[in-house]
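Shown below is the structure under consideration.
All chains are identified by letter, namely A, B, C and D, in their written order; residue positions are counted from 1 within each chain.
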Amino acid sequence: MAVKPYKLVLAGVAATGLITLTACGEAPDEGSDDNAEASFHACMVTDSGGVDDKSFNESSWNGMEAAKEENPDIEVSFKESGNESDYDPNLQASVADECDFIVGVGGLMAGNVTSVALDNTDIPFAIVDGVPSDAEGNPVDAPNVHSIQFDTAQSAFLAGYLAAAQTETGTVATWGGLQIPPVTIFMDGFAGGIEYHNSQKGTDVKLLGWDADAQSGSFLNSFEDTAGGKSLTETFISQGADIVFPVAGPAGTGAVTAASEDEAVKAIWVDVDGCVSLPDYCSTILSSAEKGLEVAVKDAVLAAYDGEVGGSYVGTLENGGVSLAPFHEFEDAVSDETKTELEDLKAAIIDGSVKAESPSSPSAS
Amino acid sequence: MTVTTETEAPTPEQPEAGEQPEKRPPFMVLFGRYLTEANSVMVTIYSLLLAFLLGAVLLIVSDEHVRGTWSYFFSRPTDALEASWEVVSNAYVSLFEGAILNFHTLDRMAAGNADVGDLLRPISETLTYTTPLIFTGLAVGLAFRAGLFNIGAQGQLVFGMLGALIVGFGLDLPAIVHIPLAVVAGAVAGAAFGSVPGVLKATTGAHEVISSIMLNNIAALFLVWAIGTGFLHSATRSELVTKPVDDSAIMPGILAPIDDDLRVNYSLVIGAAAAVFVWWLLSKSTFGYRIRAVGFNQHASATAGMSIGRTYVTTMGAAGALAGLAGAALALGVGSGGITTNTALEYGFDGITVALLGRANPGGIVAAALLFGALKAGALSAQPDVPVDMSTLLQATIVLFIAAPALVKALLRLRAPRGGLVTLEAKGW
Amino acid sequence: MATDTQAAAPSHVDESAVVRKRGAGIAYGIIGLLLGAAALAFLGSGDETVFTLDRTLSGARWTVPTRAAVIVMALVVLACAAWMLAGIRRRLFKLAAAIALVAIVIALVSWSVSEPGMVFRTESILAGAVFLSLPFIFGALSGVVCERSGVINIGIEGQFLMGAFTGVLIANITGNVYAGMLGSMAAGALSTMLLALLATKYQVNQVVVGVILNLLALGFTSFMYDQLKKTEGYNSAYGVPSNALDGIGLGFLADIPVIGPVLFDQNLFVYVGLILVFVVWFLLFRTRWGLRTRSVGEHPAAADSMGVAVNRLRFWNVTAAGLISGFGGAFFTLANSLAFTKNMTAGLGFVALAVMIVGRWNPLGVLAGALIFGFASQMAEYLDAAGNSIVPGPFLQMLPYAVTLVVVAGLIGKAKAPAADGVPYNPGDK
Amino acid sequence: MRLELKGLTKKFGSFTADDDIDLVVEPGQIHAVLGENGAGKSTLMNMLYGILKPTSGEILIDGEPVAFSGPGDAIAAGIGMVHQHFKLVGPFSVADNVQLGREHTRGAGVLSARAARQAVRDVSEQYGLRLDPDAICEDLPVGVQQRVEIVKALSGPSTELLILDEPTAVLTPAEISELLDIMRSLAESGTSILFISHKLKEVQAVADTVTVIRRGKVVAELEPTASETEMASAMVGREVTLTVDKAPAEPGEPRLEIEGLMVVDEAGVKALDGLDLTVRAGEIVGLAGVEGNGQTELARAVLGLVRPDAGTIAIDGRRADRTSPAQRIERGLGYIPEDRARDGLITEFTVAENIVLNQYREAPYAKNGVVDAAAVRKRAEDSIAEFDIRTQGPAEPAASLSGGNQQKVVIAREFSRPRRVLVAAQPTRGVDVGATEFIHSRLVTERDTGTAVLLISSELDEIYALADRIAVIYNGRIVGEVGPETPREVIGRLMVGAEAPSTEAESADIEAFDAESPASGGTASGGTAAEGPDEETNGGDRDH
């Protein structure tokens, strides 16, 4: 052949490499990230999805790093799991790495964390979104495991009430990544909040995508398929929904994007304050049903550093572990009346006069 | 598609085959010649080396610190070279330690902090990840030999997993019966699902690649639905996870007598047996004879009275059974605590690369599965020194070079081997 | 191998010959009967299907009695089946099959939205279907160009990933979404260039290379994604104008009922996709390049004997096809205004391959196939979102795959690939 | 144009396909190159046409040395070629095939269908080659396809030299005579023609000078007036006498009975249209006919590879048309496929594996689903000895055998097991003279042991040499069953579907080009063992 195409390929690869180099920016200052001298090594094992999942893995990791920021004597690292068969090796490897504190993220891992913890009673462990349990999910007593859970139904309840109060069309929608408790608890709470608004204010706001009684609804069956999430959201919008509440980690950005393309449609984000994690879309995000994972993990690491072992933590509205995020750009759009009602509702949930319940609510509290 | 030794059409650039050496050259000369020749052994070795070289480049490029040192390479090159060497050697040593032998464990053993179980853990992990790959590699490889591209091992694996799971928790039997029954259930379920593309191809001519891809997606969605049903869903856990299999159906660990935590179990033995069986099937049995005949030349096979359609169906069924065994290995092994939508990972697709790397030979497939299992186990434990995706990249590049011996030959300017390059022959749809 | 012209040439194929299509006839007959029987058994006389136009004519609604509609459609299917069984002109067979399929689809759609409170939002569903068909259009067109040149491109998925990733990256670096599009095209072309090189110069099994390229792209984009994540602002969402025509003052077209929202109120990518279908068709069937490309895919030795440089043409065609599939990758990010995430193409590259076969290696067929898929996906989503409680969500999501399976399994007949597809060419071969 | 080849040599590795060939074609001359299959003719032409690069030597056009880097250069230099294996893109129209590589455009690369059509019409009118520019090539009869090839070759910018590589192999006698007329008129108008053939009559009829090559070397330069024997001996390299000794047949009971057989192919065309044929024990029925008239489908239907749409097939008096090929093979049906490479052999398999290809499941080669490698090897060794298969051993891959030895493997497979009926389709195609003699005598032996033999051959000579009864197939029907003494012109007419005697001229042509005596006929169907790398792998069905 007259052309020497492999040279072109090589050139192309080289070009890609160059792009990569320039893309990654200037060389950083040296030595800044070297603190191998730290005496306390906190390790985290992620669930599938990885540390950058824009969801609980990422929030937990942020908490770890926040702890390191606060206490330079703490060193942090993570190991990603591809699926549940990676939990054990990752936990074991963390033990072998002589970690001083091991955080397992995700309720699926609870059994694995517990069994490894019971084999290594000298190491403190923590489990996010779960309680110490045996392989079959029955709670067991593990004194060296700290459990971190959140009653996100409470914050989602407020979000549902807010959505019902703000909707113009009388239709709002929610959808999930997978039908698993950390997802459906938000949807349950959201549905509860809407129902409460309807009963209190005599409105007839319709919720698409989740039937709390039947525990059935719309799921993307993926946390990664952002394009699918966008498309699904557009379908909801075409059915009249003007507020969407995606509970699907990164795939949820598809929903926010869809909402951003329609003036009248807003989104409510989950887990973290969407205005902070997705700053480009702040003008679309009405609020967020927050779950204070980052803080809780940070606190757990710092506590472990201080020698605290075991115990449990359930984030609620009361302790600030879950909350409704600020309205940011919608500060003016939300009426003072609604704001007051939300405050009252929050108080009512805290004192128990209004129940924000879900079959997926944390059991041990 | 078939896997075969294809003798390249002789071209003028090749040395004349006519020059027969009169005297046998000394051993070292012969050996040196062997090393610089693009025979299949050397191509494999060079492919591995090239892939790891490429991986090293990526590691260097992606490490901010090292990249920084390269920016002043010309003023003080030692920094860059040292830093690069450190990153690359750390990464590969970590991979090795995670996959085969952890030197730190040796230190800890010396200090009395670790036992033999800890020392064996990397190997055990490697073998654990190897097990399903042997099955799916065989599933793809066997079909290759019949000229079928079984891209559907993933779906077959999913159904095998479900089959083994249902028998695993649904029946109450002593382990001696329960385990074999669950394994067989996995194989049967995989075979049933696997034969569908075969039937479609035999009856309607639908291409197995397309139907397998569709069936993979269908199987994945079916799994999501199935796990959520009351029949399968765990009674005690709220996550999307199935019931665990009964203790009597859990595949016992091979190294469990040494340490309970060593996960490698007797599925590995079944895998090795399956590889031997497939080898026997292909080289000794009439069924294997038919598979190979159809794979090489279906027209001549049909003329000789073989039923092409039936061969497609049975081969796909057999391949499905093998992939189903992978599912059973997962369901009764690492997934015995309950299956999630994620348990099957990409083992079925990885089987394709394993089969390619193993050149659709049972022995080669086992070796390839071991390599990939080691890469996976190593990558897992080498975190965060090595990004997990590095193992995917390494796998892809290794297979790329293996599949294109001519590329390796050209890159390294190797000489053509006597019998021609061993390559994968291409056929159309 | 070379087309055996002689063996294939016993005499003329008479397009107007009357033939009996027993298999297809029986299949359609059974479907028609089942459909009719099911309608009588399960549908009440009060069931109604409501079709609406919302965007252009709010309030426009048409209510159709569901049972009657389904039965009429079942009769149409039966009529087609009878036609096929009684003997049909060869050239009309496709028409009959198409009519029957459309009737089946209309019947199923009418049925599925017949629950109280559900309406068929014609405009948004059709517009959504067109949009969702885009990745299949781009992917399958790329496949068509490759395979018409005789190279199997199973690596579309990988090219999508490369395109999706690079598009966002370049858009972020340059701050220009159009530069991002060019970037995704370049990335797609680069990765197919590897396929082209291995397929022509090194004659490696093309299916194998495709599989490897997919793996490579997945590994590379995931790896780079992790690396880039450490640096802020390289993976922010960039979008294209969602209504491109408004920008050039043709927005009034969007007010035409049905056609407006479906065709004239769409994303820039839709126009590129639709235009590309016709451009590729024109290039393939009306130009010198197309004639040579097709000859290289059908009978490379014939092309070679007429002075066409087979492997060079294949190399550049495959590389050019990468421009299309790379651009198709940008659909996932730039068209949707989304940032890149790992493995975000979710296997659609493979479905695009199926669409190519369904479309019989013809750009126009590809368009039809892609629209079927887009429609199936959109319907699945719509029924799921509308709270359809009869069929579980996962089963609805299987719909596009099941449809492909049915289509590929030959309800519309066996597809014939270009004769030399996937066969490396050595000059001197006959 | 004056073409001169000087010392042209082509080597493939250690194999020398063409060795130091010198040859001169004068303007307006028809220069025949005569040689057996594999003698190096096609390699030579491929070098001339730029497809292959010579290892050494040079090509001179009008005294100037030229170097072609591809066929495009050859075309530009005024060379047109009609290939032995048609280089037509099946799904393309005639006009598209003709314009490929030098397209008629309206600028910017957009094709002009009208100009392409017109160009085809112009050329076909100029040379009297009737063609419909819009017809799809793969739908055309072979003779018309060849016309397309010629028009294509003549449509070059300045075609002055036409290479015709075995152009008559697939033509009916009438088509052959038409082609020869065309060649003559082209030569008269100044076009040089290189005519490659192994058919002596044609060469004698049309050539101005004859070069004979054997094993890549020029072995003789002859005048067209040279005798057939002279030419044949030069071609084969030894004295050729090929007669098949056989006693008169003693037909027994009907073994193969075909009634009203109809096969409709995928395109909806009736390949077989109510065919009736009976073959009795102890006779050879020769099925004569121009290729493509249903012979392939008939053979495949008898074996069971295609299911008939109507009609019955009985083997040994028992209906067989609903049984599988395997069952028919078991009942004693032997089958020698016409396309050896495609249907006869698995070239990747060893010789031994190929020899038991249709018996691998039966005792003694397999027991309980396990292949008995020793038994297979034993059988292979026996067959190799009995059939004189030139191979390094039973474990050698069939791919490395020569064409003739590959055919012997197929023959050995079929002849070493008990059979009631044998269907032999083109059994000596691409096989050298020695092997042809051997195969012919084995076929007669088969007959004499009582097997019913259906011999399908496109070589009328072979039919005459072997058949006890001749059935002529045309358009999927048997249009006549005649005795072996029937004159050629009668059969020739039946072959083209003409029942009644046709014009004087036509029958004269048929006589002229097809009336070789059975005695010398075998020569023409010969071929050498050493097939070059240019050997067709998917069936040399147009070789003869």
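Note that a residue touches a chain if its C-beta (ideal position, glycine included) is under 8 Å from a C-beta of that chain, and two chains touch if they have at least 3 such contacts.
Nothing here was measured: the structure is a model prediction, and the numbers come from that model.
Chemist: Given the two chain pairs C-D and B-D, which is bridged by the higher number of C-beta pairs in contact?
Modeler: C-D
Chemist: Computing the C-alpha centre of each chain, which chain sits at the greatest distance from chain D?
Modeler: A
Chemist: Compute the distance, rounded to whole Å, between the mean C-alpha positions of chain A and chain D.
Modeler: Between these chains, centre-to-centre, one finds 73 Å.
Chemist: Taking the mean of the C-alpha atoms as each chain's centre, how many Å separate chain C from chain D?
Modeler: 44
Chemist: Calculate how many whole Å lie between the centre of chain B and the centre of chain D, each centre taken as the average of the chain's C-alpha atoms.
Modeler: 47
Chemist: Report the inter-centroid distance (CA atoms only) between chain A and chain B in whole Å.
Modeler: Taking the mean C-alpha position of each chain, the two centres sit 34 Å apart.
Chemist: What positions in chain D touch 2 or more of the other chains?
Modeler: 533
Chemist: Quick check on chain C: which residues sit in contact with 2+ other chains?
Modeler: 201, 226-227, 230, 309, 393-394, 397, 419, 428
Chemist: Counting only residues that touch at least two other chains, what does the list for chain B look like?
Modeler: 9, 62, 64, 221, 224, 410
Chemist: What chain pairs are in touch here?
Modeler: Touch list across chains, by label: A-B, A-C, B-C, B-D, C-D.
Chemist: Going by the contact rule set out above, which residues of chain B touch chain A in the complex?
Modeler: Contact set of chain B toward chain A: 61-62, 64-65, 67-68, 71, 98, 102, 104-105, 114, 118, 121, 125, 128, 221, 224, 228, 234, 236-241, 244, 261, 263, 330, 334-335, 337, 340-343, 345, 377, 380-381, 383-384, 388, 410.
Chemist: Under the touch definition given earlier, write down the residues of chain D that touch chain B in their complex.
Modeler: 11-15, 55, 303, 305, 324-326, 328-330, 335, 337, 339, 342-349, 353, 357-358, 360-361, 366, 369-371, 373, 399, 533
Chemist: Write out the stretch or stretches of chain C touching chain D in their complex.
Modeler: 1-14, 17, 19, 90, 286-292, 294-295, 298-299, 301-309, 419, 427-428, 430
Chemist: Which stretch or stretches of chain D touch chain C in the complex?
Modeler: On the chain D side, the touching residues are 46, 49, 51-52, 70-73, 75-76, 81, 83, 85-92, 96-97, 99-103, 105, 109-111, 136-142, 145, 152, 170, 265, 267-269, 271, 291-294, 296, 533-534, 536-539, 541-542.
Chemist: Quick one: which bits of chain B touch chain D in the complex? Just the residue numbers, please.
Modeler: Where chain B meets chain D, its residues are 2, 4, 7, 9-10, 12, 14, 16-18, 284-287, 289-290, 292-293, 296-297, 299-307.
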